[in-house]
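Dropping the structure in here first, questions after.
In this document, chain identifiers A, B and C correspond to the written order of the chains, with residue numbering beginning at 1 in each.
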Amino acid sequence: MALSCIVALLLSSLAPPGNVAARDVPNDGGSNILVTWTASPDTSLVGYQVLRQAKGGTTWDILTLAGRRATSFVDQAAQNGIKYQYKIIAESNTESAEAPVSGYAVAKPQWFNFDNVPALIGSGILSFILLYFINRARRDRNLFIRRISGLDAVDEALGRATEMGRPTLYVPGLSSINDVATIASLNILGEVAKKTARFGTPLIVPNTDPIVYTVAREIVKESYTSVGRPDAFTQDIVFFVTDVQFAYAAAVDGIMTREKPATNFLIGMFFAESLILAETGAATGAVQIAGTDAVSQLPFFITACDYTLIGEELYAASAYLSREPLLLGGIKGQDYSKVLFVVIIVVGTLLALVAGLPVLKYL
Amino acid sequence: MKKRLPLILVLVTGIFGAVTYFVPHHSIQAVDESVRNDVMRIIAAFSLVLGLGSILQHHFNKIQRKAQNWQYSWITVITIFVTGVIGLFGGIDLAHPGVLPTHIGGFSFHMQTLYMNMMVPLGATMFSMLAFFMASAAYRAFRARSFSATLLLAAAFVLMLGAVPLGRMIFHPLPSFAEWILAVPNTAAKRGINFGIQLGILATSLKILLGVERGWLGGG
Amino acid sequence: MGFWKKLQSIDRRWIYLVIWLVVMLPLIFPFRIKSVATPPVKSLFTYIDTMPEDKALIISVDYTPDTQAELQPMLVALLRHAFAIRRPVGVLAMAVPGLGLGEDAIRQVTAEFNAHAGTKADSIINGRDYVYWGWTTPPITVMLGMGQHIAKVFPIDYYGRQTESMPVMQRLKNYDDAGILVSIAASSMPLSWINLAQTQFGLHLGCGITAVSAADYYPYVNSGQFTGMLAGMKGAAEYEGLLEQCMVKNGMDWHLRGKGTEAMSSQAAAHLAIMAFIIVGNIAYFVTRRRKS
């Protein structure tokens, strides 16, 4: 008998997990309870069973089978206000070992997520800097921002189109209205549309997103009206083509080769079709001004277009073209924010470098 | 009011969007989810109708005026209707048939066939044009006009040679050097540009929210 | 002077013609370029080649027909490798359009091996040597669920058969039975595999990605999160080269077609053509500039 007990003890070698604890997940909307445990040291371990029981309940519900490296699990199906306790069972291919049950925990929703306080502070500081410079621009109307050659060339490019009697093509990118690059592009479209209305240059704006199409149509219509040329606006100026990437590229290429615009604006978010558009435009002899924040497409625009707005220059464009003091103030604020970030990075890097020095071990 | 109402709407919804990031309570998150899943989807669905209306209006105008290449407008319009009918009534494939039959003997024209045998090859054809365009763009643009242009030219050479086995034959460490260019200076430059872009996004969003940036309204 | 100036502004269509020729001719008159494997490819190959006999290879087909030209050769090479060293194989797709691509590759490779098999034991049999799980959604459920019990995530395979009772599934219950999972993708799916499968289950990962995306993945290869990486057609060609040596060593001198290797001749020729264009263009530029000044 004693011998069989010893044998059984020796055979049951799987160590159970320890320190099973459960608590409400903080900074969330409720229904989440975090269950933690210390791992079983056994090498034959396959994983853990996580079970739950409500207070007053009689059965244990299996929630999940966690992997052997797991030491925590979030129960996302807990009802707010109800007390639960949890059990963890370590499992190998042949046996299992149960840990003592955790204490009770209750899921509660919170009204503020303290994990996002750094983001709030950062946003607050950056917003303060931006608003300070926007406010300063109300008093000081002569804020300097450096020349951006692509934007300086807009008037010249549109003038060229007018002299040659050929249209201007404006491609607002292939992304949706959610994308800030698309909004920046539409801001520029407004300025370009005012100029084409004033010069009497035909404008073509093909769109790939229906919402962007409706917004672009209203922007161009308002721009034409604001310069006293509502009669010059027609439904043919802004139109929807297709939402399929390469079908849109084929359509725009077709417009470029048939209509032969003198000036092409490729401004917004672009993907693999960027070189197809830019190179076709270059082949037709058009002056091309491109701008995107898609970093992977920038090389294609730089090689194939005459002027390229790189990254944030796209966001500065509407301020640059309109010369509105408040918008220029925003650009200044952006630049000073960048300086702040560079200082933080340099200081942080130096601190990390110093902290990693072996000599500190001896101090 | 025409300008003021959209600005107020943008301010209110923008502030609400920011609030949902900091307030995890389910009452706030439920409204946010409803806006994202329901309201925006409904708007997108209606805008699709507007987009379709735009295509049809554009092409019918061309047909009516007998503008240049008006015959292709007929092809576009007919294709839209035929594809729409097949999509709505013809089913996805032979295993999921619709109301209308979409096969004649062994020849089928259901959505899956149209997609795999027309859309995919056409898309691949357009994609493959990049090979030709890269060659012509490289020929035109890679001239040693200045120091930076020469640097670009040299980097392009190293990367192109490093990408083919010939590079290793010419100079043994060349592929490793090409990989280093991608992994170190290229990544560093991309990160720097991304940095500026994210700040630009923050600034533009704030300006739109506060009504400072009004270009999207049209007319200034 | 006229010649060099004309050369600078040559009609694009001559360039397109030359590119078309240098891409087409090597495909019609193929010449072999020996690919020397780079460290990320060698690392992945060696890891798979030296996996214990009871460990399986899992391949996730995370791409669509748009990018199959670059990525399909990788899938075929990995399947050939696993079957050549007789490791169990599990294949799944994270994108619905990828289902057909996975099936194409499996059908091709099993036909190759079965054409040379003398006995049933040597053949590659579905359910015994490999399983094609197919597709299910959402990805997070697949990635986490497979770490616990694969048959629960995929109770039936792509062909509608019960997976639980398959002999290969007795050797492939969860990630613990997998030596490595290779994600072949044109998107950022390999990073999701790191976030979910590797972090929670310690699964070894490899990736096969398009050449354009390679720059984004080097940091993960350098940190060891990816055991190895196949980048673009060149990566596929390098893997095929290593595989050929391995198969010849194991007595399987079958001269199987490797699309990656075949395409390298076209790719190399195209790269050389573009470099030649650039050199000629620069010579023309400097000659005309000198004569102008």
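Methods note: contacts are C-beta pairs under 8 Å (C-beta built on N, C-alpha and C of every residue); 3 or more make two chains touch, one makes a residue touch a chain.
All values reported here derive from a predicted model rather than from experimental measurement.
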Inquiry  = So, comparing C-alpha centroids, which chain is the farthest one from subunit A?
reply    = C
Two chains joined by the most C-beta pairs in contact, as defined above = A-B
Request  = Please compute the C-alpha centroid of subunit A, do the same for subunit B, then give the distance between them in whole Å.
outcome  = 15
Ask   = What is the distance, in whole Å, between the centres of subunit A and subunit C, each centre taken as the mean of its C-alpha atoms?
value = 29
Between subunit C and subunit B, distance of the C-alpha-averaged centres to the nearest whole Å = 26
For subunit C, residues contacting two or more additional chains = 12
Inquiry  = Among all residues of subunit A, which ones touch two or more of the remaining chains?
reply    = 283
Task = Quick one: which residues in subunit B touch 2 or more of the other chains?
result = 123, 127, 134, 136, 138, 140, 142, 190
Ask   = For subunit B, which residues are in contact with subunit A within the complex?
value = 21-26, 29, 43-44, 47-48, 50-52, 54-55, 57-58, 61, 68-69, 119, 122-123, 126-127, 129-130, 133-134, 136-138, 140-142, 190, 193-197, 199-208, 210, 212-213, 215-220
Query = Which of the residues in subunit A end up touching subunit B in this complex?
reply = 27-31, 109-113, 116, 119-120, 123, 126-127, 130-131, 134, 180, 183-184, 186-188, 190-191, 194, 207, 210-211, 213-215, 218-223, 225-226, 235-236, 239-241, 243-247, 249-250, 258, 272-273, 275-276, 278-280, 282-283, 293, 295, 298, 300, 302-304, 310-312, 314-316, 318, 322, 326-327, 330-331, 333-334, 337-338, 341
Request  = Provide the residue numbers of subunit C that touch subunit B in the complex, in ascending order.
outcome  = 10, 12, 15-16, 18-20, 23, 33-36, 38, 65-66, 69, 100, 211, 214-215, 218-219, 222, 232, 234, 237, 264, 267-268, 270-275, 277-278, 281-282, 285-286
Subunit C partner contacts - residues on subunit A that touch it in the complex = 46-47, 64-70, 283, 296
Request  = Please name which positions on subunit C make contact with subunit A in the complex.
outcome  = 12, 147-149, 174-176, 200-202, 212
